[in-house]
Amino acid sequence: MKTYELQGFGLDNLRLVERPVPVPGPGEALIRMRAVTLNPRDLGVIDGFYFPDLRFPFVPVSDGVGEIVELGPGTGRFRVGDRVAGTFAQGWNAGDPPIGWHTRSLGGPLDGMLAEYVVLPENGLVRVPEHLTDAEAAALPIAGLTAWQAVAEVGRVRAGEAVVVQGTGGVSVFALQFAKLHGARVFVVSGSAEKLKRALQLGADAGVLHTEEPDWDRRVLEWTDGRGADLVVDIGGSATLGRSVAAIRPGGTVCLIGIMSGAAADGLQLVPTFLKRARLQGINVGSRDMFEAMNRAIAANGLRPVIDRVYSFDRAIDALKALGEGRHFGKIAIEFGSPQAGNSPVSA
Amino acid sequence: MKTYELQGFGLDNLRLVERPVPVPGPGEALIRMRAVTLNPRDLGVIDGFYFPDLRFPFVPVSDGVGEIVELGPGTGRFRVGDRVAGTFAQGWNAGDPPIGWHTRSLGGPLDGMLAEYVVLPENGLVRVPEHLTDAEAAALPIAGLTAWQAVAEVGRVRAGEAVVVQGTGGVSVFALQFAKLHGARVFVVSGSAEKLKRALQLGADAGVLHTEEPDWDRRVLEWTDGRGADLVVDIGGSATLGRSVAAIRPGGTVCLIGIMSGAAADGLQLVPTFLKRARLQGINVGSRDMFEAMNRAIAANGLRPVIDRVYSFDRAIDALKALGEGRHFGKIAIEFGSPQAGNSPVSA
Amino acid sequence: MKTYELQGFGLDNLRLVERPVPVPGPGEALIRMRAVTLNPRDLGVIDGFYFPDLRFPFVPVSDGVGEIVELGPGTGRFRVGDRVAGTFAQGWNAGDPPIGWHTRSLGGPLDGMLAEYVVLPENGLVRVPEHLTDAEAAALPIAGLTAWQAVAEVGRVRAGEAVVVQGTGGVSVFALQFAKLHGARVFVVSGSAEKLKRALQLGADAGVLHTEEPDWDRRVLEWTDGRGADLVVDIGGSATLGRSVAAIRPGGTVCLIGIMSGAAADGLQLVPTFLKRARLQGINVGSRDMFEAMNRAIAANGLRPVIDRVYSFDRAIDALKALGEGRHFGKIAIEFGSPQAGNSPVSA
Amino acid sequence: MKTYELQGFGLDNLRLVERPVPVPGPGEALIRMRAVTLNPRDLGVIDGFYFPDLRFPFVPVSDGVGEIVELGPGTGRFRVGDRVAGTFAQGWNAGDPPIGWHTRSLGGPLDGMLAEYVVLPENGLVRVPEHLTDAEAAALPIAGLTAWQAVAEVGRVRAGEAVVVQGTGGVSVFALQFAKLHGARVFVVSGSAEKLKRALQLGADAGVLHTEEPDWDRRVLEWTDGRGADLVVDIGGSATLGRSVAAIRPGGTVCLIGIMSGAAADGLQLVPTFLKRARLQGINVGSRDMFEAMNRAIAANGLRPVIDRVYSFDRAIDALKALGEGRHFGKIAIEFGSPQAGNSPVSA
């Protein structure tokens, strides 16, 4: 089989190589991969930001979906032919995240999905909604579940609540969609007029360009008649945290998800945090139970993840470069073999 | 002004009389009533079921909406001209219900809204969404808020969850609407093919006639692929509780709201309740904070309460009789003065 | 090895027989049992009340503790020599109970612990606190965890809250101890002056004999200055549920645990349940995560479960008969082999 | 009557002056003050840090207790003679904090308690536990309630959980006491060997001197067998936040309370916050409902706040200076009139 492997840090050290197809052991499943999608984290892992001690060769990319083609002994949750995604946090099935969970995540430090065949424990898999294309389904494990945890688990967003979404990358577009699914109002802070327009077409109720209105927190207060937002999905990190706290209502929540502008919280002041009784909640993707709950929501409402572009497997490095350029709206996907008919909204 | 007053238990003792317009004291508002809606509880109060010691003469009916025409000294939350509803549980503003809250509810034991003018503390009022007719807004205080507390506060229903609604009266139709607003799937148990059809038109995903399929709990299990419902809004009481528990998933919730089939829980068995880890939650309408949250949900989504029929003020007794007959779908309303144009879906 | 096996329903069909020591498979552990404790449920299983389709021969008794003497392939959570208890709800590790959890509980329908050696999946085991005797540790899986779920998970009892405990059996004594551990006030409703005295010695703040004061709910209201209890741990079922609801504060919780007086909820009226906004929560023992949290609480506070009497393994049938007589305070235990010195508060 | 008033920013502008005794209006109570206690916030208000637009003359100090000596018209919650404390957040009775709550807090921007007589709305008062001295009761409104919200409301600390407390000022000592009241284990990080010793005497289970062990987060991980603390009560702010996140378990909580080392969150890194799924919760004292719940906990357990020193009213400026020096353990109090016998643990 073909697989990409990272032989040292940096995209230049990512090579397409040949390996034998792996064999599933007890409790494991062999999956023929159909599609993966990319997350900013993938670049952070490849560049050595997240795991300085990563062992090489390493197979990158966390999110993927495929078909079970063989089951090891002692399995029972799935059948051959089931279409499944791997859970990012292997071993986190339900409840609070287990101690040391972050050492067992796919695509770093554990090997990821950018290979034609992958073996995973069946406990680390979930079936994906039938109405989705492979690329759409492959968008769920990190971007989808992170947004779901923020909106549905931590924010517990209810109809009529006000949600602020920063940007229009994978997590943000899911957060917009999930918030609308719960009857909430959504305000988008974007840096691109075109992307903001697309967000409004997707259902966002209002939005601003932070390039034109850097004090977007005031606009959120106006938009909520002075009340403040119930939830802000913070993707910016360093440069946005202070405004995120300023934009919420007393008792509101800021979900800490991204570090687009920096990984230090130096933009955050504590006195406003007390006065707002702000809750700042770090989000770590989510558990298998949350994944299954999200899938029920997606299936029941026929929700379709937004795929920006689909690359073929042999152009994976181009796909990662495109991710780094940040011009996408929604997710960048890679499909294995010949793309299914009608599967690709835009072929790159 | 004209007001109805109950001079003894029973609908025969309800009389339309003349009284002076009341004067608002410190912290109070004088409201010119525009519409009320009826709840099964109104008949229970009139018949002496709820308050055997009720003091006569008594003004019945809990739910109403009107316009503030005068404000007493020391007020500040409203202006003259605001359209407001009274909160059923006067004095329950936020948090847990206060001790003795049920001795301070409008329409029994406190005087209610079936009068041309009413005086209430401004702390016991909320503004109602602008897009609603008077009759629609008057549907909110009990039926709307009870359903909201069940679906959004207690059930905390999320997208993709499965909700069962019994019947198609005021609370049930609101529960159906609120559950759909949160992206849930809704199953309706009805006794009328015509009403079930209307519920499906309103967005319900599935349903059965309990007259044809008395073991509807099994149908709910099938409909959820054996998982069970996340929430059952129980209106039936005695005869339905056992099936409601049988229909939920492990860890699911049954909201106890109605006693259509009897006020004793004799249909409930405890062993299934343990095995399901069932949560049975008595619902008592809701707080002012919940009312305002519901109003934001209704306004943000343009939701319209379902009004079955509108009676004129002088036909209030006919309206109460119609309530007792139980043929309605949604709410029965009464409007004061000349109905606004377009205000009345059906004039009785 | 020796094991008891039930060859048909009824205590008369419980026989001590010889079987080969079982062999642990992949993911499993072989445990040499040291002690078990009895629960009312054990008699319900033996008598055919819980599982009419139980397969014979069947090894009864849910709760036990032993030492791991052998580990199967693919294990890793424990070492040989660890002292462990089985989790009653095998497979419920965290979060909400899984679908069908009640078909995987130890001591019915799965074989139980009344055998010298037992094999269980290592995922269904937890280490027990070191300071406990074997009999004390064996009291935890059902009685301890049920009380813990009621007090610490569902009731989330806080310091200063008022908790009512019915009776002085295994669950009730644990509930009393756990409530005191959280700084709560505890009121005991007992049928025996002697047992009530012991409960007060264990830390209960107040109590009544229901034989003398059948309207103990009024006494609870007085004891809380009219406020009502935050939590009632209901063991009685049919005959006590109505009073339990009457005894709570608005918004309070009644944990449904026992059926000492009957398994139908016919003593419950729905109107008071609405007025109190009562939450009735069926309790189903608990998850492995809850078990581990309970163990931390027990270890940190040096709490000692109350063991009424300890029987030797060959007198297990006498122990079960004593359970049926209901004269115990706390738990009835059975120890395997020669009791450890100082292990037995009272030897029967 | 005598009152202190601030005539400009800075302690030098605090003067003892004579004013007429105020008169309670509708819904208000006149209180003869008996004791106040000091909080770091008082100095921040006096120095102009919190309210640059403060209007002079201003009466400082948030926390106090006194006796109701007169009630205005329309009151009913209290009687003359009741001993009460003012709630810091006037108007926040229950539920989430209201919009703009921070503009209605006692001791800035509203006038405070450093006066012989004070008038407050009766809705902004609570009775205090009888067993407390005046100085002890005066410690509750900010320091007590802040710690209570952190431990009992936000942290929802349960028996066996691990709580880290920074320092030994007013909030920290209360947090230690409340955590022990719930059966938790407490770890104290202190800068003084003597204070650490006193904390251990008060019930803390372990602790370190951060002067000797600046990487106290590692010690917390060891102390919890690698699991991490469930709750850290962060008083330090800027310099401690990063370690606080490092010290918690996955899914744990850091309560943001103090800014002893700086008000910017620049010591916080976001990646560890995601990995820990950390919840950072700003604490804003608490609601009246929380105050009453805390009082029940204090009364039920006979808990006694720790008073470091008691000053007489005419030495209030010395008391404020002592607060600034930071040598206290627990609270610094000021008593009005002649101190009650036995009321003063240490007279300064």
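Order of writing sets the chain letters: A, B, C and D. Residues in each chain are counted from 1.
Methods note: a residue touches a chain if its C-beta (ideal position, glycine included) is under 8 Å from a C-beta of that chain, and two chains touch if they have at least 3 such contacts.
Please read all numbers here as calculations on a predicted model, not as lab measurements.
J.: Which neighbours does chain C have in common with chain D?
T.: A, B
J.: Which chain pair shares more contacting C-beta pairs: A-B, or B-D?
T.: Answer to which pair has more contacts is A-B.
J.: Quick one: report the Å distance separating chain B from chain D, using the average Cα coordinate of each chain.
T.: One centre to the other, that is 43 Å.
J.: How far is the middle of chain A from the middle of chain B, if each middle is the mean of its Cα atoms, in Å?
T.: Those two chain centres are 41 Å apart.
J.: Hunt down the residues of chain B that sit against at least two other chains at once, touch-wise.
T.: Correct list: 96.
J.: Which residues of chain B touch chain A once you look at their complex with the stated criterion?
T.: Spelled out, the residues of chain B in touch with chain A are 152, 156, 158-161, 178, 181-185, 205, 293-301.
J.: Give every residue of chain B touching chain C within the complex, in rising order.
T.: 50, 96-99, 101-102, 226-228, 237-238, 241, 249-251, 256-257, 259, 263-266, 268-271, 273-284
J.: In the complex of these two chains, what residues of chain C are touching chain A?
T.: By the definition above, chain C touches chain A via 26-27, 73-74, 93-96, 287, 289.
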